[in-house]
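The structures considered in this document are given below.
You will see two complexes here that share subunit A, one where it goes with subunit B and one where it goes with subunit C.
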Partner chain A sequence: MPPWMSSGLIYASGLALTAGSITLLYIATRTFNFAVASMATIGFYTVYTGVALYGGLPYQYFPLALLVGAITGVICYYGLNRPLLRRQAAEITLMMSTLGYDLVLLSLIQMYADFLTNTYKLFPRRVTMSLYDFELFGDRAAAFILPVIAIGILMILHIFLTKTKFGVAMRATIENPVLAGASGINSDRVYLVSWIISGGMAALGGAFMAMAMTGTPVMGMYTIPLMFAGAILGGLGSIYGGILGGFVIGLTEYAGVFLLSQKFGAWVLGYRMGIPLFIMAATLLIFPRGLSGIPLFKILKSLAGGSLGGEKRGVSA
Partner chain B sequence: MKRKLFIFMLVGLLLVAMTVGCGPKAPAGGGGMQTYTIVGIFPLTGVLSTFGENSAEVARLAAADVNAWLEAEGKNWRLKLEIDDTATEGPVGLSKMQSWFGKGVKFFAGPMASGVAMECLAFANANQILYISPSSTSPALAIADDWLFRFCTTDEVQGPALAAAAKAAGVEHLIFAWRGDTWGDGLQGAAAKSLAELGIAVDSNLLRYDPLQEAFTSEAALLDGYVSAAVAKGIPLNKIGVNVIGFEEVVPFMVEAAKYPQLRNIAWIGSDGTAFSEALLQTRVAAEFARDVKFINAMNKPAELTEKSNFDRVRNHIQEKLGRETDAYSYNTYDIIWALAMSIDRVGYDSVKVKEILPEVTKEWSAVYGASGYIELNEYGDRAFADYNYVMLDDNLEWFIPGYFDGLTKQIHWETRVF
Partner chain C sequence: MSTHGHFAEKFKDILLGRAFHMSLIIFVLLAFLYFSGGTSIILSILIQVAVFSIITMSLNLEAGYTGIPQFGRVAAVIAGAFAVGAIPGRIMAFFMSLPYGAEYASDTVNVKLVPQINAVLAGSWLLSLGFLLMCIVIAGAAGALVGWLISRPAIRLKEAYLGISMLAIGDFLMWVGHNWNIIVGGSVPVYVPDPFRIFGAARFNVIVPAFFLIAIIIFIYLNRLVKSPLGRNFRMLRDNELSASAAGLDIVKVRTQSLVIGACIAAIGGGLYVIYTGSVAAIGMTRLTFTFWPWAYMMLGAIGSNVGVFLGVFLLTILRTMIIIYRSQWFGFLQAAGIDPLWLEYTLLGAVIIIVILFLPYGLVPEKVRPMLPANRVKKVISQKQMQT
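Here is the complex of A and B:
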């Protein structure tokens, strides 16, 4: 696998989780969570602390990152989001509150980096996590493992939302909170669980992304436009769309900048972020509801020259 | 109602009065003792964070030493040092300077990067804010009568040092890869000029990358492609070199470059941005790659030191505090705090008056106590002259100095032959 592709797959898997995290929270609580930036960074630092102080592989600390991310989500919910939701705060207020939370988390991350530097004489401000990885099929293991984990999380999420009682209740609350409340569903618990899942996904996404890029205290801040681009590309109405959007944005960033710079020269490198954002804008112009609004079945049918539809008709007959 | 309004107004007035009184000259204690503030704006995060951490720690040491001296001399003022983070970004650095200026601060140590120093220049000039950078080397900032002073030489001196290193490494064809900011552009230009004078061809493909870049897969692939193209033109690999001008982002660049076998067989030239880089040492793959390709960097050579020089004090302090070898620019930071403090001691917290006497005070103080040696400033307020040490990694992955470039004669003096 060429280096740009393996790095792209790793990065895209992380971005997919963060974009999915943004989408889930937006659907559930109408909150655009800007704190996803620092939550992602916290995920990276959790894994880094594990490997730097206790050894082993980054993968074994992913559950811990998930847990720490979930805790930051719970704190944000009880500290900010819940009181504001109860006061029927406007979307802009909810969004700005997460921005404030993000700044608090960012300061804590900086303090933690100083702590690691001064106490353990580590070098936590620029970390190349890929060095802790192992080789699989002659390539970086993360290029195979992380996309599989990302897809696994998507499947678990799907099963949770469609096959469990709480998942169905969650979907009902997301669809219509008033009606769900009237049916006896505890919307407070649904929001809390949304924050737990979302925080965990964001932190895990950050831990993934640091396996492809340099881990720094501000890595989340630099990548947050792309996390939101992924969520927007996904259509903001579907968690699956958000995850797919994040994956597309991440992969096109790496693939786009590599292929275009090979073709047109190094000047393209300066437009690294512009390439996926352009793709997002172009997709939204054609499909205003994002990836989740693409009539995939219809397209597949037309590509198959109607045979798919014929078979379907045959079955139904 | 009127009574309540009156009380509110009174409280408001009191708050305003208290806020106004919180300037840098606020008394720190009884007996008319004054406190004067200097702010160190360093890159505590971003691609110069190692350098920033070193300088911040050294500035704290210098401030403590200044205060000990003030106390011993029975002076009626104390120095208050504040440290703030520029994140190695121009707009952030400027906003920090503006914020502190709003609180009455007129003296700054830093910023370190030329890009940040450039961003602050217009604001500093307009408001008579005196700021001294320990490490900004861009020739673009060599401006007479501005409010930026620099205790390091510009890249007009470093450029020839890098070109000489390339020549010594046997390079006949050089590819540039550099961060696209004020510093990177300035040094690349200076090095390209010197290479031409030495008869070394510069590849027409220029790899100028985004300074905010954190992943280098495409850059490494492009570099490999440029080398292949040069080889296809008949240039042997051992005559090809790359001059990578960057800060700590060079580490992930090297991690990616290590995946391309032919990039191990070309010469790698660095700059002061990567000399003594702790980030490089901390990343084993990059460090081993740098050792194998004989990655050679240039770094300001401290001037001859006197017996009373604070060089060892700074070095030992960082080793004790951060457990590492400090960088050459942090010695300049120590001298900056002292030069500002000595000047303020003479003429008070007045930036216009301090600006007038700063070159003379710096000369006098550094001639005896300078951690970075004797400092003479030129007409642009920059350090007038310096030699450059070459810095490489030895077999144990530790930085060592194999020789130096004489800025006056433009000759290399090797202590250990490496090419």
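Here is the complex of A and C:
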């Protein structure tokens, strides 16, 4: 594999998870989660702390990153999101509230980085996580493992949402909260579970992305427009769309920068962020509601047989 | 009703109002800072208040009065800052037959050029004043242009989509400035010629009233604007887009007007900011400083009230400064653990946003909802009619 491709795959898998996290939460609670930025960074620092202090491979700390991300999600839900959802706050208010949470988390991350620097004499402000990786088929192992994990998570989510009772109840709440409440589904628990899943996905996504890029405390803050770009490209209508959108955005960034720098020279590298944003802007101009505005997606959805926001089904849970 | 009674009533309103109480708190805090820190702290707070109240008032026009989720305020600020960093100095260099092309922004040339321009500016107050006005005009024009360009794709989008797109545009502009050397030097900051150089050591003492004058002019302009038919259109769009379009309002046009006027004002704020700091560093034009802080100022003060915005900027700027000044006294326990207390600025910003949303949804000085005709005047008209019949 050429280096741009392996890095691109790693990065795109991470971006796919974060974009999926944003989409899931948006469908479930109408909340555009800004805090994904810091949750991703927290996921990276969880893995980094494990590897730097206790040794081993980054992969063995991924479950821990999932857990920490889920906890940050739960705190945000109980402290902030639930009172606002009960008050039926506007979409912009929900978005601003997660921004506030994100900034608080960012300050905690910065303090934690200071703490690691001074107490353990580490250098947590510029981390190259790929140094801790091992080699597989003459390439970085992450390039094979991470896309597989991402696809695995997607499949687990799919099974959870379509085959388990709670998953079906969750979809019912997302489709029509009032009706679901009337049939006895505890919407409060559904929101909580969406925050847990999306928090975990965001943190894991950040841990993935750090395997391809330099890990810094502001890593999430700099990449959040791209995470949103992925979610918006996916149309914010289905988790699968979000994950696919994030993957496309991540891969085109690396591929596009590689191809353009071959053609025009290395100066293109500075504008790498422009490529995915251009794709997002172009998509939005043609389809103001994202890729799910394309009928093709509806066809795919019906083929896949029941995704979020897909066909309606009588639910009693 | 006598005019005297009317004024007395108004005066009582002001005394009992939240705005007055907040001003008192601000005054006490300022006095405290003055006696413990001295004049220079007060001056720097006042300059920041002037600059950021301009930026936040422009945000208030777009987000508060028109209901546009403007998460890309930094884009217009960047337009103003880059324009002032790139254009007026080049014009001066052109007339002084110094290099004014791409090499103007290169770090080795710029360091030598700007002091020469400053020397010329310091020689004539007329030239300095003209230079300042030129900076403002250029910044405003650049901001209006960028605002218009952003409004083209933006008007088709709704709510969160719009907010995220504008946020992305702002970030992208920052990276363009950081990488394209010929605008403002790329990763090396470019110096801005200083129209206040003529005052020497008293520079800051003059900047404060000058910037406040500009801020007050903009304040008056905006207050007249929102009471004009155009301003009523803005609020109509905010309150109910559907009914606004049903009433024959061209939504695209109104939104564009709001975005262009707002961007123009924000760019003037950005231009003044770089004149005050004396240099433009592209990487410093972050969305944290120029989008999220203004949002916090606006939300704390009041969405849709310029007086509230002004007080919000004042209060938060003072709190930010206090964290910086008293970091070792108040937060020594953090420093003992090797943690820089400056990060508490982010905590403050996040906490203010959260607290305002949870407990003060309308801000400290909420917008007064005024009916087209006040109730007492309606009663008066009715009683007059009855008297006639």
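Heads up, the rule we're going with is that the second predicted complex is superposed on the first by the 282 of 317 C-alpha atoms of A that agree within 3 Å, B and C clash if a C-alpha of one lies under 4 Å from a C-alpha of the other, contacts with A are read in each partner's own complex, and residues count from 1 in each chain.
What we mean here is this: contacts are C-beta pairs under 8 Å (C-beta built on N, C-alpha and C of every residue); 3 or more make two chains touch, one makes a residue touch a chain.
Computed from a predicted model, the values in this text were never measured in an experiment.
When both complexes are overlaid on subunit A, subunit B and subunit C end up clashing with each other.
In the overlay built on the shared chain, the residue A:117 is in contact with subunit B and with subunit C.
More residues of subunit A are in touch with C than with the other of subunit B and subunit C.
Once the two complexes are overlaid on the shared chain, A:175 sits clear of subunit B and of subunit C alike.
Shared-chain residue A:130: touches subunit B; no touch with subunit C.
Of the two partner chains placed around the shared chain by superposition, subunit C is the only one that A:225 touches, whereas subunit B remains out of contact.
When both complexes are overlaid on chain A, the residue A:104 reaches subunit C alone and has no touch with subunit B. Contacts of A:270 after superposition: both subunit B and subunit C are touched. After superposition on chain A, the stretch of subunit C that runs into subunit B among 94-102, 166-174, 184-192 or 256-264 is 184-192. The intersection of subunit A residues touching subunit B with those touching subunit C, taken from the two complexes, comprises 110, 117-118, 222, 267, 270. Chain contact summary for the complex, subunit A toward subunit C: residues 32, 80, 83-84, 89, 91-93, 95-97, 99-108, 110-111, 114-115, 117-119, 221-222, 225, 228-229, 232, 267, 270-271, 273-274, 277, 280-281, 284-285, 288-290.
Listing the residues of subunit C that touch subunit A in their complex gives 69, 153, 156-161, 163-165, 167-169, 171-172, 175-176, 178-180, 288, 292, 295, 299, 334, 337-340, 343-347, 349-354, 357-358, 361.
If you check the complex, the residues on subunit B that touch subunit A are 44-47, 49-50, 53, 85, 87, 180, 205-210, 212-215, 217-222, 225, 248-249, 251-252, 255-256, 259, 278-279, 282-286, 321-324. On the side of subunit A, the complex with subunit B involves touching residues 2-4, 7-8, 11, 110, 117-118, 121, 123, 125-126, 128, 130-131, 212-214, 216-219, 222, 254, 257-258, 261-262, 265-267, 269-270, 272.
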